[in-house]
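What follows is chain A paired twice: with chain B in the first complex and chain C in the second.
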Partner chain A sequence: MWLVVLRRLGMGVVTLWVVSVLVFAGTEILPGDVAEAILGQSATPEAVAAIREQLNLDRPAVVRYMDWLTNLLRGDLGISLAANLPISEMISGRLKNTLILAALTAALAVPLSLAMGLAAAMFPGGRIDRFVTVSTLFLLSVPEFFIAATLVLIFAVHLQWLPAITYATEYDSVWQLAKSLALPILTLTTSVIAHMARMTRAAILNVMTSPYVEMAILKGVPRRRIVLRHALLNAVGPVVNVVALNLAYLIGGVTIVETVFAYPGLARLMVDAVSRRDMPLVQACAMIFCSAYILLILIADLLAIFANPRLRHSKQ
Partner chain B sequence: MSEKKKIARELERSSDIASLKVLYRSASISRRAFVSRLAALGISTSIAGFIVAGSPVAVAATPKRGGRMRAAAGAHGPDDTLDPARFNSVINYGRGEQFYNGLTRIDESLVAQPDLAESWETNANATDWVFKLRKGVEFHNGKSLDAEDALYSIERHLDKNVGSGAKAFVENIAEGIVEDKHTVRFKLKGPDADFPVIMGTYQMKIVPVRTRDFSKAPGTGPFKLMEFKPGVRSLAHRNDNYWEEGRPYLDEIEWFGISDHNARMNALLAGDISMMSGLDPKAIPRVNKSNDVRVVNTKAGQYTNFAMMTDRPPTDSNELRLAIKHLQNRERILKLIYKGNGMLGNDQPISPVDPMYCADMPVRAYDPDKAKHHLKKAGMEGGTIKVHTSEVAGTGAIEQALMLQREADKIGLKIDVQRDPGDGYWSATWGKTPFFMSGWNMRPTANIMLTLAFTSDAAWNEAKWKNARFDELLTLGRASTDTVQRKQIYCEAQQLISDTGGVAIPCFIDYLDAMSEKVKGFIPVPLGPLGASQWPRSVWLEG
Partner chain C sequence: MSEETNDATQEISLDAAGARPLFQLSTMGKVGVGIVVFWIVVALIGPFFAPYHPADFVSDESYGPMSAENFLGTDYIGRDILSRVLHGARLTMSLSFLATILAFVVGIGLGFTAALSGPRIDMIISRIYDAFLSIPTIMLGLVVIAALGSSIPVLIVTAGLIYSCGLYRIARALALDIKVMDFVEAARARGEKLPWIIRREILPNAVVPLVAEFGLRLVFSILFISGLSFLGLGVQPPTADWGVMVRENLGGLYGGSPAALVPAAAIASLTVGINLIVDDFSAQRGQEIAEEMI
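This part shows the complex of A and B:
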């Protein structure tokens, strides 16, 4: 058992390393560099050269990469080239914001989508099933920014119940936190709920076609008991994977919501860092996202293994 | 509703009258001035009466103290800075004006006003400038302002380790001397009658001598820094020790950026912010519909232009450049792309708000026949040419390129519009491809703009246009202190650019900002968005 975990963690570290090389190469290929980005339109050749020298950008790419890697292994994330501040300081606030938003969204979206998927699978073809299928299809096809803009238009501009941007970084009370984050959470929930609900429904319906379930039906076991007691655990594998993927997305991919609501999170930080070619910051963000994915998928796989006794005691 | 009232309501929708109403309502112009300007627009006095009646004026223009202002600029990011030498965008200029002062301040007529320097004088040929500093001014950390601080703050832009974007402004300084505790003298290499105006630009802020760490924003400005997170926000409290009597009025300022322009507008409409810069012209009707917010339109010299490099084919032919210039349907561009918020341009960078604008030069008319004639002379009839554009090139850059494509099609010239990604546009496309689009903010003086971007050896001469007579004219212009003579000199310079230069400038674009009706005391300075960011010292919140 533990061997599985260790192997997966080992592969995760290798993946992280490969990602760091790819991100570095990718950012290097882009035209322009941080000196030009900082100076913007005031970039005269000598000002650019001066800043490059200051930031040690005139050394070859491989040297700079190795420097960054050795610092990382020592636990030093480095200094942001554009802001001249330690990266750990810049990221900690943003990471906290991202995690809060992700956690609250997950707390709402995961139970809701599981419930929806279960309800739909209970009576396939029935009213609830049709409602779930159509609404999730609708949510999947409507772009996130459209949903965000509509919600802002209705709740912030017209009704003025909720703020249009989530600016407060300190919250005086839980109620204020809820009001500030209500719209972003709603928007993100609509994005992730569709996948999870549909996958839950599909996985359970798939299990329902297996012979032992047929046996249970023939025995006269009520449908609800079959779904909840006999089928659910076997459907855990794919469901947990989809949940993990969506959680990882909530940590690293919510650029649109962060832009529309001006929420100071990690996704936007990375996009801004890329457009400023701020290499250490880009790498730091990439490492965080990558680690989040790896850990979440690992947990998902472990849960799938636990849920299925056959996999637990496999020869591995 | 009576006929006249109906007409009045119709007229109010035009942007000229809307902007006049704004000025009147915010008590920037008197009722008499308002009515006479309406008459100048050709509106009869009786209808003007209805327009006036529909515009309740701010009853008292006495400032109210107190309140927290939440305001937003557009782009912001992890490179937001408190070091004046690195200021290069509205998000930074806003902080500059909250925490710092300069020796001078540029007012709404583009004239230098005393700020930290109470007076200045120069010799006959403008090569020797002496500034007398105000006494009793203290920095936020308690240190008294003296001439050493002024000298250090200006000279640091010359230090290449500082990497200042404003180095070009101060390269003309040969020597700076501290004459006594409150007097500083600058000896210039070459004459510059506009030197006091340069001392009022965004980057020329005064900091204590030997300052290298700007994280506490050590300035003399109307507000003190409480909190700063780059790419997130800054929080400022009123400086009770501020040297300007009675100012500032606000208690606190929360200043940040909202990059998405829809989100920014929504935040204003929802009341989350009181003031924003960079309103999209398409959003004006939406903002006008609300009674709680207003659009503020400042006539300015910013522009989005076509740049045709004169040192490489095919744009090295002046005939082709003239053809492109004649294809510019300026009125249409102004009306359709900028919704009337601007002024017609004449293929040269000095706008009507600049005192040196050459009003005698007729605006080049849209003339497809002349364009075709020039095209034939260039030998490019039926030819193809590619223009690079991007949304970061300037407001309306993509739309202008598409419009040119349509016009060129009519005379048999095929224009390929290539939309480049914004990322890296300035390093890969600008100044590297023969035909591209670009955008410029106006500079405080004609001399600065022309020297920065049009002299033969200027680093930012995007069309690589070289003209010896032009360089000569600029040198003469700098040395002269006679306004009439300077106007003549700059007029000839503008003509040269318009006739032979590498830029096609169809129009100048107003700065469009929006703010809550509660914001009073806003002064529209044409140098930049949000009144060149000078709002912190003059604005107050009503109600």
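This part shows the complex of A and C:
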């Protein structure tokens, strides 16, 4: 089993390395001159020369990549072109804010969507199931900014319960923090819950078709007991997998939500960096998000291995 | 001779399938078709019905209220929202449509090639796609736009290539399944070439799951492209595009103006409509295939 786990960890490291190559190549190997592309129409010869020097553009791409990677591994993220500040300084507070948002969303969304998925799977085709499948289909299809705009109009403008814009994250009380983050968290939760509830339902219904569940049905075990005692335990692996995968989906939602609510998080920093074409900052942010994504998927796979003995043996 | 019989049997089976309706729409499916047809009509002829030019300042008021002159109110600089939504339909829908077509051509082309032309090419293409799949789609989009800047061709190609990943997997799996079937073996034995086999033997058998997939990828492309426009990294203002309109009018939201909600609702209704059809379609046809693929 440990061999399988080690192999999966090794795969994670290789994936991370491939992603670093892609991110670097994507941002550095441009048709034409990077420095001119970054500066656009405002390119004076002096400015172009300055940027060329700052990015070491006179050296071959492979050498620059190796430098970038070794610095990255030492925790040196480089210097932002636009702000002229060390990137690690710019990022630390932003990263914390985004993590707070993601953690609170997960704390709300995971139990809620598991309950929805379970309730739907209890009686497939029943009233609850139809409600869950139709409402999640709706939530799955609409863009995050539509959910956000609707929530703002309802809760911030008409009911005036909650603030619409989240400027800072320093607060006196937990209640105040919860109140100011309520709308962004609610938006993220609704968009992530749809995937999670649907996949949970599918995972449990999948187990429900197995012969031992059929046996339990034939023996006359109550439906609720079958789902909670018989099916759920065997669905734990896939369900945990679902949770981890959906937390990875959060990355897409976070970029939109931070922009809607003017939340000072890492995703908004990255969006700004992209529009200013601040390449070192884009690279650093992209690497952080991609590492988080790969880590979550790695955790999902490892949990699946722990939960399902059949996955513990390598195929060879 | 053998080719003729083969074609004949194929035609008979196609006719048999055509005799009963392709699939019966449920109520939700009909609602979906209604919504999608409505927006297609708007995209085609909507601009002719727009009361104003989308760039005209028709009111001195920013976030003007709904009135007889401005049916849906005016936006942050006093342009007519209804006219802009009607004009924006065409761009928003055609961008994602083109991206989906591109995803289909690239994904299916490479998927079939990988499945049919031997393990080595299969491995190379599959590994490249695996590498791209290990990056979240929005990050891929952001990195590409940071490098190339935002323009309409860049948006279409980026979305198209990103969503070709899913289609590649499906097309490859389908082709691997169908490849071993007798009629494909027979075509091979007759000495038919690869493109012929794909077009005449494999594609007809893959139509149902691919149609459902087309709808799904279209929804993803709409969300992706309008999301980027919303972030200010997609279609650039002053173009009337739904995602751009949401961004422009976001400020009014906090004052209670629905100017940002109208284009957001337009996108939402379109994507919900497409997904209602897809859901109906895959619930009735190709369910087994869809489950196998996951």
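Note that the second predicted complex is superposed on the first by the 271 of 316 C-alpha atoms of A that agree within 3 Å, B and C clash if a C-alpha of one lies under 4 Å from a C-alpha of the other, contacts with A are read in each partner's own complex, and residues count from 1 in each chain.
One rule holds in what follows: a contact is a pair of C-beta atoms (placed from the backbone, for glycine too) under 8 Å apart; a residue touches a chain by one contact, two chains touch by 3 or more.
From a predicted model like this one, the values you see are computed outputs, not experimental measurements.
By the touch criterion defined above, A:22 lies against chain C but remains apart from chain B after alignment on the C-alpha atoms of chain A. Of the two partner chains placed by superposition, chain B and chain C are both touched by A:259.
By the touch criterion stated above, A:282 is placed in contact with chain C alone, chain B being left untouched.
Touch criterion met: A:82 reaches chain B, while chain C stays clear of it. Contacts of A:193 after superposition on the shared chain: neither chain B nor chain C is touched. Shared-chain residue A:242: touches no atom of chain B or chain C. Touch criterion met: A:290 reaches chain C, while chain B stays clear of it. Looking at the shared chain after the overlay, A:160 reaches chain B, while chain C stays out of its contact range. Touch criterion met: A:149 reaches chain B and chain C at once. Taken together, the two complexes place residues 30, 37, 40, 149, 152-153, 156-157, 164-165, 259-260, 273-275 of chain A in contact with chain B and also with chain C.
On the chain B side of its complex with chain A, the touching residues are 70, 72, 77-81, 86, 88-89, 160-168, 229-233, 254, 256-260, 262-263, 266-267, 269-273, 422-424, 426-428, 459-460. Chain A contributes residues 15, 18-19, 22-23, 26-28, 30, 37, 40, 134, 137-138, 140-146, 149-150, 152-153, 156-158, 164-165, 202, 248, 251-252, 255-256, 259-260, 270-271, 273-275, 277, 279, 282, 286, 289-290, 293-294, 297 to its touches with chain C in the complex. Residue ranges of chain C in contact with chain A, taken from their complex: 28, 131-132, 134-140, 142-149, 219, 223, 226-227, 230-233, 246, 250, 253-256, 258, 260-261, 264-265, 267-268, 271-272, 274-276, 279, 294.
Contact residues on chain A toward chain B in their complex (touch as defined above): 30-33, 36-47, 50-51, 54, 80, 82-83, 85, 90, 93, 149, 152-153, 156-157, 160, 163-165, 167, 169, 259-262, 264, 269, 272-276, 278, 281.
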